[in-house]
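One structure coming up, written as structure tokens, with questions to follow.
Here the chain labels run A, B, C and D in written order, and each chain numbers its own residues starting at 1.
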Amino acid sequence: MAQPQADAAEADKPALGVGMVGYAFMGAAHSQGWRTVGRVFDLPRRPVLAAICGRDPGAVRAAADRHGWAAAETDWRALLERDDVDLVDICTPGDSHAEIALAALAAGKHVLCEKPLANTVEEAEAMTAAAEEAARRGQLAMVGFNYRRLPATALARSMVAEGRLGTLRHVRVTYLQDWLVDPEFPLTWRLRKEAAGSGALGDLGAHIVDLAQYLAGEPLAGVSALTETFVRERPLPGGPTSGLTATATAGAGQVTVDDAAVFTGRFTSGALASFEATRYATGRKNALRIELNGERGSLAFDLERLNELAYHDGTEPGTHAGFRRILVTEPDHPYLDAWWPPGHGLGYEHSFVHQARDLVLAIAQGSRPRPSFADGLQVQRVLAAVEESAEKNSAYTPIAVSSISV
Amino acid sequence: MAQPQADAAEADKPALGVGMVGYAFMGAAHSQGWRTVGRVFDLPRRPVLAAICGRDPGAVRAAADRHGWAAAETDWRALLERDDVDLVDICTPGDSHAEIALAALAAGKHVLCEKPLANTVEEAEAMTAAAEEAARRGQLAMVGFNYRRLPATALARSMVAEGRLGTLRHVRVTYLQDWLVDPEFPLTWRLRKEAAGSGALGDLGAHIVDLAQYLAGEPLAGVSALTETFVRERPLPGGPTSGLTATATAGAGQVTVDDAAVFTGRFTSGALASFEATRYATGRKNALRIELNGERGSLAFDLERLNELAYHDGTEPGTHAGFRRILVTEPDHPYLDAWWPPGHGLGYEHSFVHQARDLVLAIAQGSRPRPSFADGLQVQRVLAAVEESAEKNSAYTPIAVSSISV
Amino acid sequence: MAQPQADAAEADKPALGVGMVGYAFMGAAHSQGWRTVGRVFDLPRRPVLAAICGRDPGAVRAAADRHGWAAAETDWRALLERDDVDLVDICTPGDSHAEIALAALAAGKHVLCEKPLANTVEEAEAMTAAAEEAARRGQLAMVGFNYRRLPATALARSMVAEGRLGTLRHVRVTYLQDWLVDPEFPLTWRLRKEAAGSGALGDLGAHIVDLAQYLAGEPLAGVSALTETFVRERPLPGGPTSGLTATATAGAGQVTVDDAAVFTGRFTSGALASFEATRYATGRKNALRIELNGERGSLAFDLERLNELAYHDGTEPGTHAGFRRILVTEPDHPYLDAWWPPGHGLGYEHSFVHQARDLVLAIAQGSRPRPSFADGLQVQRVLAAVEESAEKNSAYTPIAVSSISV
Amino acid sequence: MAQPQADAAEADKPALGVGMVGYAFMGAAHSQGWRTVGRVFDLPRRPVLAAICGRDPGAVRAAADRHGWAAAETDWRALLERDDVDLVDICTPGDSHAEIALAALAAGKHVLCEKPLANTVEEAEAMTAAAEEAARRGQLAMVGFNYRRLPATALARSMVAEGRLGTLRHVRVTYLQDWLVDPEFPLTWRLRKEAAGSGALGDLGAHIVDLAQYLAGEPLAGVSALTETFVRERPLPGGPTSGLTATATAGAGQVTVDDAAVFTGRFTSGALASFEATRYATGRKNALRIELNGERGSLAFDLERLNELAYHDGTEPGTHAGFRRILVTEPDHPYLDAWWPPGHGLGYEHSFVHQARDLVLAIAQGSRPRPSFADGLQVQRVLAAVEESAEKNSAYTPIAVSSISV
């Protein structure tokens, strides 16, 4: 663990008050990130868990207690009015992202918004415009594509940026889960279009579209897609949900989102891409797998083994070449100087610690954090093109080209 | 190694004379199959390597010598007239398959034809019709999708047939090679449309389309595709080629086939599929990977580890469930009773030994061998739909549904 | 993340004051555990990071600040006198364990002591006797074999306890690191017998001996050993050390501990064991690997992939049997109900969170925590037998049989 | 497949008549080697399967028929008198190796003898002396450690010889099978000391001792060992055996060999070694695994994935370093120019083809084939030291140092 810089005692650092909206799965993960980041990284500002917000007074109070937030609010508008909140962290379902984020920026706060940025391109455009305007005032906005923040993916990005892959030829990505295989799994909010926007596409597809563009360092130019809803009616949920688990009750309702999406595409450089997002891949629990093949080398990553990156150096003599398994736990790997000795791996939640670190650093330095709302908008445009293509007989659907920040 | 049945001395078995056309990579592989099959399996007929055919008299003589063929011919029509040839094994490039196969069937021979069955659907239809007619006369025809003949893929098929996957949800398949990454690799016949029909699509795509339909036990209903030629001009080849290697010479020519194809599709049951065939996946040498996810279980296979099959039993309690690595080398695994003790793996070429075994058994029993020419035609239709979709802006392109034999 | 029980607000829970001695690698890891445990698990007592102790006033103050400890002490005897300290957590090198632990127990504190329990069997015996006496007064003691606390190892233990392996035949264990391969790595305290007791043997070997006995559920009966010091002189260290890294300075000194130890042994049941501990396994960063083979099944674990457990069910038909990769991230896996959805893996440090959880629960319930000081003593006896055997020409050296707690 | 050299038609090459004694598992494997080698490799002499020998007239006749041997003999002395036999290939159990090999050398034949070379050091010494004398007359002798002949192990040897590992620190080797886990498996000859010499030690241990010394490029200097017989009584066998399988019948007998052996040792350079040979590792079918760690790099191999070699280059910057998986199927890998394109793997039996190739080349060139009988003797001495150590309370037992040929 890196030693603190002698010149900055923790108590002397200016506080950065965080207010979080939502306290389910993402709320717990973000809380762990905010609680831990200042204990591990030596940051110029000291994150303070100022207040958490949720509609149910008892539940939000318990969540504040559990996760270490100083105060609890039941109205997010009240949270925005608090002076001790400098940054609003939005962990709600996608249908409320735009409203809260726009209000938070209007209230002069920095914003961290969970992915997908919004449920529609229009919302995302409004949010991006507002973030752009706010940035001129010094308020910063970031979208929560946390998988950019793993040491292995960050290392992959730097290796691509160094030119180790050369001209890119192929990107293939899957995000496979299996928690909907059972047709009796209940109809939670993630299966309703009005709350979730889309299904596997928005939840898992948003992650892999962002990660693919981030690692490739270029945006997608167009896509051709098929989507499917395998199980169209499910029992209604009853009782508490936790993480991805839930309990069924009497009655049934319609699934109004996709269960799976498969799509192909082209990057602006001409590289071919294939994507698959599904919650029906029996036995695959969190298999976000991405492989990039370039003229000079290849990289491969699997979220189920998140401390590893596979790398093939195509410039080596074939006699001794092969995909090597880099254990991304060395002190000079991204984020690793603050953690444990080589081989002592990190977990999923560390991506949220790192996300918090990068955002705090950006705020302290006044630089634009990445991924930006514009990056979130670009992902939204890809998802919209996927849906459009799927509706139009899989016709190849171009995406308005924008730059992405990596 | 299984002992011979006491009642059938090899010498007493009726011979089955084989005549092979072509002696490059596939010719060598088929020769090894024919030479070995009667030494390992106890067959009702004794395969005899009667004659091999090629245009260059010296080269074909040397090949006969090397591979153990009793005679050499320089005109395939002469091969078809030989009385000691009962079965014609066609190992030439795809542009000559139809002509030779039709003539061989007309000459009263059984036929084994390398994949892809033909370079066009029309040729494949004619061949299938001829095979159908010949079958009524007792002449049998088989197409050489040898990857059905690996113990692991054959085991996978039987597990699907037993219902271990339940309703199929996803099939994802890649066939990744990298021998064209170098832009100086010369323009061999495999890169010219007139000889090869198509590029990665016909060569690699044909294998994975057949294998996917075989394992799924059902045909594809439609596809949406993107194809690409990354390097459009290459140096002309000079000197001998061997396997997939070749030497460049002065001058350059146009690549007239695809370098890579990515496509999605639907099986007739509604399962989603994704396919990728490429020769530009740096570091991937022969990565034919297929995974099937069903409501009750999943299977995964990788040709680079061909003695293994991964299986997830979705009906097990989650506490102890996981993808298991079945080492497909047990005596009760397909083809394995004739080979070595558990854990003593087989190689690529064994698929040709097994193909020969299955064809000899079918001929001896008078049953239709699988995969049939009709199966080859079905694959051809899928490939044609891929090309059509790629030309029509990736529009989803239905495939005339036919049955497949598994 | 599991919701808090409605009936126990955090603030209402009785505090459990923790005082920690040492703040290097282990101190940082334990701090993360103590900070996090009450936020993730619903515990009957609320751990409070009361005070941290170290000799350098500035450094210990900075560490308190960084890691979130309320107070800092420079004399561990002062720490023991604090009323707000209920539990003393000893994270110093092994040569001070006995003195501090004995004093802490005498002072009426609960004790958590890092492994190895002590540098000699005699110290460990005294500590075990004191712990036994203290337990009668309600003070509890635990030794920090944190690798028992990973979900995968805890699952393995429960599977062995269920009889899934049957009669045990083989246990093979390695703990491979490579941070001493470079002969210029400096002579830190871990390479000096007076501070560390032994080298790879006490550091890595202690872990694998405990883990092997824990998973097997039985003690070792005897061992035969070879040890080696490959590099006998190293530069003196200068400047700060962090984790396992350090900087060299002028001058050189003798390495007085082993660089590696290989030993074989017998468990009391008659199962054969092999062990290897080394810091010279180039490319292996933290490869604690253990495999157990029993008459009915086998288990295998690798710390470099700590979210996975491999299991072979030997009672299954061979046709479909194979080592399965259990992703130990399901809600019903040990410790996992408090964490993330399936497939969202944990890291190294979570073992310390779980260790803290189990210790707090034991204290709250008044039950003996495991592993006990007696377990630490048993490990010490094995290590002593290893050293004795290595000195006596590898002669098989029996170990006084004691019971172990699992 | 490499084309034949134009200047040497197969028919014009001088024949090399092979006479084989034994036709069980090893006989079948060697037959496949002899049948295939001249078809794949361009050799200066043409191997002819002249005669096979076994005691049961009907069975040996059937084996000749099946495996393609021109003649059958029932007395190995008669085989030695045949003029068409230049080389005697001994595939019998170890108790007859010495007698047959000595007689064959006396009869002026070249000799290939299966491993272990003999059942005792004394026999092996006599054989080595006879081989040395015969070599002066131009008769050559080789012992069948076929695992030196896999492309991956041969590549590993060349990488060690190039200095890629630097000073060797560790060698760890296991050979794990599980076909004796079932206590009802019958008492075949492999479980009787008088026929097999020893159990897992001589069968599996001989392989790993030879392979370890071959890859390390140096002999073992001493060992410390434990051996065990877990199941001491087994049913008598009845009916035919095949490969490693057999059928039980009424009655029972004593197992007089070891079931498993674990031993540690030192190489002459000071590197530490650990070995384990067992037939009780449930779920491990043929897990011959070897890893070598040197100051500059590491290599790892697993026979269950025999087309792969893992290599860590310790001289690379840690940022991008990792164990790489070399797919040993490139044309410039050992033996591979004669086989298939990259990624098209070989199997177990290819080791026998390669062994035949190397022996034919050595005979044609008049050079000493490797591994020599002296190498077989060195392995025998290690096995004897293992047995001696196991009897003497695991005392470290030195081995008379001899050179080995690699």
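FYI, a contact is a pair of C-beta atoms (placed from the backbone, for glycine too) under 8 Å apart; a residue touches a chain by one contact, two chains touch by 3 or more.
Worth saying up front: this structure is predicted, and the values here are computed from it rather than measured.
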item	value
Chain pair showing more contacts of the two, B-D and B-C	B-D
Chain whose Cα centroid lies at the greatest distance from that of subunit C	B
Length of the line joining the C-alpha centres of subunit C and subunit D, rounded to whole Å	42
Whole-Å separation of chain centres (CA-atom averages), subunit B against subunit D	34
Centroid distance [mean C-alpha coordinates] between subunit C and subunit B, Å	54
Residues within subunit C bordering two or more other chains	284, 312, 321-323, 327, 342
Interfacial residue positions of subunit B with respect to subunit C in the complex	155, 159, 311-313, 318-327, 330, 332-333, 342
Subunit A-touching residues of subunit C, taken from the complex the two chains share	1-4, 6, 9-11, 25, 28-29, 31-32, 35-36, 39-40, 42, 58-59, 62-63, 65-68, 177, 179, 240, 242-245, 284-287, 303-307, 327, 329, 331, 340-350
Subunit D-facing residues of subunit C, complex	169-170, 172, 174, 176, 178, 181, 224-226, 228, 230, 260, 262-266, 270, 272-274, 276, 278, 280-284, 291, 293-298, 312, 314, 321-323, 389, 393-396
